[in-house]
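Presented sequentially are two complexes of subunit A, the first with subunit B as partner and the second with subunit C.
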Partner chain A sequence: MPKDDHYVIIGNGPAGNSAADTLRKEDPEAKITLISDEKSLYYYKHRVPLYTVGGCEPEDLSIRPYRSYLENRIRLRLGQRVEKVVPAEKLLYLNHMEKVHYTKLILAVGASARRLPNHAGFADHLYCLAGLDDARRVRKAMMAASRLVVLGGDLISMGFAREARKAGKEVVFILYSSLFWPVSLKEEIQQSVTKRLNSLGVKVMSDAEPVTDVRPEGEGYTLTLPDGEEMSTDLVLSFFGSVPNIRFLVGSGINTEKGVLVDHLMRSNQEDVYACGDCAQIYNPELKDYWVSVGWGNAEAQGELTAMNLLGREKVIDYQPKEIFEMDGVTIRTSWWKTFA
Partner chain B sequence: MLTQRILFSHPPLKKTGDGFFTGQTPREKPMKREIYSSQVGTEGTSGMLRIIKEIAFSDDPRDFGYMADNVPCQHACPAATNIPGYIRCITENRYGRSYELNRSYNILPATLGRICSRPCEAACRHGEDDLGDPVNICQLKRAAADLKPAMHRIKEDLYAPSGKSVAVIGSGPAGIGAAHDLAVYGHNVTLFENMPEAGGMLRYGIPAFRLPRDILNLEIANVLRLGVTLQTRVLVGHDILLKDLLKKYDAVITTVGCMEPNRLGVEGGEMDGVVSGLDYMVRTNLGQEVETGRRVIVVGDGFTAMDCARTSLRKGAESVRINIRATEEYMPVDDHEIREVKVEGARIYSLVSTQRILGSHGKVEGIEFLRTRLEDSPDGIGRIAVPIDHSEFVMEADTIISAIGQHPKVEFGQPLEMHGQRIGVRPGCFLTSVDRLYAAGDCVTGASNVISALAAGRKAAHEVDERFAGRRRKALLVRFEPAEQTDRDREYDFIKPVVMPTLPVKDRLEEPDNEVELGYSEGEAGKESLRCYLCSLKYEIDVSRCIYCSMCIDVAPRDCIKMISSVAQRPDGSYGEYGETGNWNDVVAIAIDNKRCIRCGKCYEVCPMNCITITKTELVEVDREE
Partner chain C sequence: MTTSVDIVIEICGSAGEGTISAGEVMTRFMSSKGYEIVSFDSFPSEIRGFGKCVAHFRASTETVLAPGKYTDVLIALNDAHAITQLSGLRKNGVLIYDSKPPVCHEEDRSIAGWAEPGMTAYGIPMLELANKAAGNAKGRNMVAIGAVACLFGIAPEEMTAFIERRFKGKKPKIIESNIDSFLLGYEWTKTHVSKEDPYTFKGAEIVPPEGEKTIMNGNEAVAMAAMDSGLRLYAGYPITPATKIMEILSKRLGESGGVMIQTEDEISAAGNVVGAGFSGKRAMTATSGPGFALMGEMINLAVMAEVPAVIVNSQRGGPSTGLPTKMEQSDLSAAVNGGTGDSPRVVFAPRDVVDCYAITCLAFYIAEKYQTPVVILLDFYLSNSIRNIDKPVPPDAEMCSSNVFPADEALDDYERFKITESGISPRTLPGMPFGMFVDTGLEHNTYGKPVYDGENHLVMTEKRYRKFHTMQAELPPAVETGTEGEVEIGILSWGSSSGAAEEAVRKAQEKGQRIASFHCSVIYPLPEEALKAFSRRCRILVVAELNYTGQYANLIAPVLNREVRRLTLITGLPMASEDILEFIGTFKG
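Right, the complex of A and B next:
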């Protein structure tokens, strides 16, 4: 009864959208629903730093209008968080207590900002930038700020530093070289990162990790550095990459570690549950390790692949997607990440 | 008439001569503490609804079933600690009373308040879906101990001396539990301990930064002063033989625990630099030198593994990596412990299995792992980690600590029926294959947790006492007391968990014995205590007065008030699930489902007929009448 199939995709990013489109193309009859806890339409992630400094407006971020989903008969449910998945009953629970049945489920929930455990004591005072909700908060805070401290960093921190400098903000970058994401910085890359940041007019501190305290003071914040010295600033941002949004799956019976554990066909351990993109974790026989892919291109490719596998057309994951990341002028060769502290 | 139909159709429960309850046989003699006669309804019928007008006691299985379902924390506690009771005492600033209430169930509240594995919190109703996070029950227990007045009064209900003597082998949690209860019963107790001081795993397995020794000493001293003789540095089977103990004492309870570490059993396991987690902790706690390299690898996912990782960081290890076979989700330690170990700087590597240990000239240099994948265990709930072929990789290390469990070491010089590596006992009892020799705690169950061992020790003491006295001298009953108020505000449900302050990491590592958790202040303890739903309060609707206006249903915060057509009854006589109906013609009652009820008191406030009653329920241990 293919007509009764209900494919549900959780996540409105590149992996989710590419999966939805592939499913529609290959299975014109099926009912397809795409659920996202974000309220905004599918948006360009790399424009988010520009948005935070007021360089563009929300509508400039969106990739795909609502109409496009309508035409493709993809039901789009935005601003609705999935609270729980019950694979045994093929049910999802939304946060407003609604139950949604699925015949096949794709988890493309992406990742959110990774926060360091040793920042836990002052995490409330750190701004992150993973989704658009984060971006709105940062944009609001940035209006009144002239001096920023960035802790980190990761693939988007450099783009952010550049935009912040362009907008005339003073930026201090406290570099956590061993915790850089997705790969810890080797001497050579660290030098080129530092050089690039310096050329943007960013002050780089490479021997000030980890910051031991951040506390509000007046309108701004005061940081304490490991040597006890204090620094005041208007805003502190934390950029340590991302962690898959899998908390809601704990206890569901779906195996997770850093991400959702899937096999080479993107299948989880539970029947008819698949995962792809930034939330999927795959064993890579060449690396002899599990890995989570990073980047837009990989997410789109995995979304398509997952959709094909879901429809029974076996396509095996390419273990070495050739991707080189340009981090604002600095090249990092990785398409995956393995560990985080 | 609706009031007639509320009376449920099942026959009344009767107690028969053999002590079992059944719905069929006629009553032979009335229960002494029968209270079902106060039920609402016509003569000869039984209902679940009773209006409690005065303090009453019950030993009816329906009431025990109610307590198990409705006070989930207490039911989850192996020692059946009256958790809502002691939390309420904290709200009322009666810390001494709260501590004593704890002590009457678990003997070592200040100790357990720091290191308990907290099965209660996993069961707490506040942690159910959509209700937030469980109450920090364990930390409140500690707060009661920390904040009780100096020199408060210790309460022990002592029985007259019996003239009987009992030897208890091992002074860990099970031994302490057994010795305490035996002493209370009036028997002469001698506690034999192999190590220099009493406490067993509490002293030698758990690091001082989690359990300060002055706290442990004080609570053990409170047991010893009941007249328990402690003989340390005595190894039964070596310094004194079990058969001599059996000659000298009227009964012997062995609570020797699990003091023999499981070995990795892989190539290279005997090399210099490989140490078992238990040895590592015992030697540290004895104040002995134990070599800790710069790069430490811990294998194992339990409390001992976490303690070893944190201890090695305090001994100056620069990198500490914990390797576990499955994933963090399946670790047997709580989230709190995982967070602390990470905050202190250790890292956890999931999905690895030890293959062999590498080194040269007999000295460890590294460890080879295989990656694992998870497969469902036969029960479908757990996971089995299966090594992946050709996935080997090496981590360099100077010290490898294997903390992969313990088993009992039983060398009494006397044949004893064993259950695998554990001591065998008669089903449902503590008696071993040797007459007058009892066993309890981890040496019977395998490595478990402190509270389970302690509870088992106490139960073994009751069994020994029954042998001496010829009858059970204490019994559990359910106590009911009418309550006039809810004791809660709806706002309390939205208080966020109060995080216990901890020592900054720098100060932890500077002085290894500095206690990490700093305890609640009075304000913090009081605030956290307000979060408890007080599940021991039972809400009922008196349907004889209910006008079915459904105002209570309108204000209910969740589906806790139901229109029901029937109530299931379980084989043990306790009540099961409610049969709900949306059809008014089938409604026999509007009932509060106390398993869903969060005791917010809103229904009690709005009821125009005042037909909702609140009853305080409590499991109490009482003297059985002779």
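Right, the complex of A and C next:
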């Protein structure tokens, strides 16, 4: 590789970091830059629910110190958003008006909280939890709250409900079983989820979807249920999984659908542009279709694999789910979701 | 809640972008509110151009004595220049930058791109807002001040009132566009930025200034003290960082009947001062290293002819024209030992703005009474550093007229250079009946007549040195701070570095260290007894100064006669307490 190669990775999550680590390991000379619009250092997302209830501090979420990037000569640009990618010029534009040139680019931009279209009228009153920035807002609001309503959900919502209960909050869970993410709940799993939530002291309502309105009232909020009944609460949280962060790629010529479309070697349609992790939609030759990936372990594995492919060491993705996800005693078959001890 | 606040702010831009004036507005405003301020500006030596300008200031509710090595808030008016200042920004510091430059920065040229994790970067569209407010880019600095006011809890109405006062006399349009730019910066920040950093002036516990205060820098203090001391002639040639003294006197000295002359060079300036001193008028010149070098012969003449003269040398980086706009304390050796022959001269080095006033008054008194040149060593930082000080008390009549005249009977056979116990020979002024004498640069007898024999030379040399013994009783004592009695570490410093030493001692003491500082504004004659006494109570002695060779350490070495550890810095910046703390932090055991 010529010395003036510049590998740029957008995204400071597990996909981006494992790609950066692999690149550094395999190519000690290369110039590597990791850009992310989040200001926080690489952190454990699964601990975020605990953080929202004051159970840990930001430093407990941190995976590695800034120093380790310096030592590995990985230029870390945090709090810097890529606004535009121009593959023809191999050029990125950052939000603070700076150009960055790359020779190879990895998109590891993850996903943001998915919001339901029929919640659009009151979306401003719903709290989400896709990362640490959200978590800071939720934590602040949680301090004054004793009663919470969770609309959802997804795998994260269950972890959150558990922590909220442990912290002594009253939790009502309005279960949108057909919209559960990443898989809609089959009868059997729904029962299992409900049972588990009940055992935590969470009140589960499985016949109250969709909520038709949320409006502020006094210090809290009032929800309107489909039957017109109203319910008051201190805080309403919305958990419906995630959507890949691909909007900034519009007009770039990089093919996207739900996520960034990549082949079995994680290559996009544009030369030297790769994608991995939650933002990627990967071609599965067996299914003859694309699938969106989710989960920490998945992102990590894909980051490494993408880096290897970028370096020309062809490595094809393993399509079989590695793990059966189990959370709070509920078993959900899903690809790649990782259980943390 | 009211709290103590100590924030270091730095504005960095290109010459012509209003960096220094933004700093001045901020420092004078904060100072008028009762904050303790220490400021330090640096700018390019070229009169116009695109060089880097930095206005650095520290605003605190506590007494602060040094500018602070690390910056809490960096305001970048020019990314290319400000990037080099990032290394001084604290790990959790705040960066304010222009988020809408006219063109997109090339890779690595944007300061926001270099902000480290932990720092908070706020992008403010300074250029866009300035254009909106005034139709041009000039108000970017005021937009930035608006953002600062909003982010750090400064009431906008207080600042606008201050701007009005500060710009009084300027065209109403100028005042208006400054205020509009400020307000736009404030409002934009209020609506678009959510504060994420911990710094604020809100709720700061400020002790409202008691008594009459005045805001001035070292140069202003020297000029004012000179006028209050009865200055009749200022002769000088402009040179950074001393020019301001001349500027002030050119405007104001005439009011009291004095005269300001801009001479063709520094030799002439010093010659004018010696001439005026000879004729009994208080006279002064101010220069910097290169000019001081030229004045050497005239200072020697004043030593030999026993003529009063006050010479201010505001030091900058040297040798030669050196580093015109950088800070250094490297003319000490030249000031003390720069004469040919055995050429004693008084050397003072004030520690701060208050001291600048007091020392200048004292310089005139001592010069006149002891018939000697007195050198006042300022420096780039002290000359420009703005402080809010108690209005100085002008010197009394005795201080303003200190010539020792001969008794009438002595005029029967007037000996201008009479040998006395004190070394002071009563002096007549030109025109006094029977007081005529010959005065030259040649060695002379008691009548002033040239005499070259060794015996006479010894007697005269001893007499000239004896004056320095005699004056000791009238000179200000050394100041010691910190732990009393025996201490682990003693820090000696001089001039404007003394503030940093004192602050370092205070911080180290808070951590339980036995430590003390020593400062004396009198460099020569050396305060030998005080130095020895201080040395006796310190296990380790540190001399902290801003030159390469340790000039003060070298000067006092024969007196102390022991090992000292030298902290010698030539970074172009003033000494910070952190420099000293980091230095003593490396000591083992």
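Structural remarks
One rule holds in what follows: the second predicted complex is superposed on the first by the 331 of 341 C-alpha atoms of A that agree within 3 Å, B and C clash if a C-alpha of one lies under 4 Å from a C-alpha of the other, contacts with A are read in each partner's own complex, and residues count from 1 in each chain.
The rule is short, and it goes like this: contacts are C-beta pairs under 8 Å (C-beta built on N, C-alpha and C of every residue); 3 or more make two chains touch, one makes a residue touch a chain.
Treat the numbers as computed from the prediction; the structure is a model and nothing was measured.
In the superposed model, A:K288 makes contact with subunit B only, not with subunit C. Of the two partner chains, subunit C is the only one that A:L78 touches; subunit B does not reach it.
In the superposition on chain A, A:R67 makes contact with neither subunit B nor subunit C. Look at A:L261: by the touch rule set out above, it reaches subunit B but stays clear of subunit C. Once chain A of one complex is fitted onto chain A of the other, the partner contacts of A:A120 are limited to subunit B, with no touch recorded for subunit C.
The partner of subunit A that touches more of its residues, comparing subunit B with subunit C, is B. Touching of subunit A by both subunit B and subunit C, each in its own complex, is seen for no residue at all. Within the complex formed with subunit A, the residues of subunit B that make contact are 129-130, 327-329, 339, 342-343, 345, 347, 349-351, 371, 373-376, 380, 383, 388, 390-393, 504-506. Subunit A meets subunit C in the complex at residues 39-41, 66, 76-80, 93-101.
On the subunit A side of its complex with subunit B, the touching residues are 83-84, 117-118, 120-121, 212, 250-251, 253, 255-258, 261, 269, 283, 285, 288-290, 339, 341. By the touch rule above, subunit C contacts subunit A in their complex via residues 97, 99-101, 104-110, 112-113, 115-118, 120-121, 123, 196.
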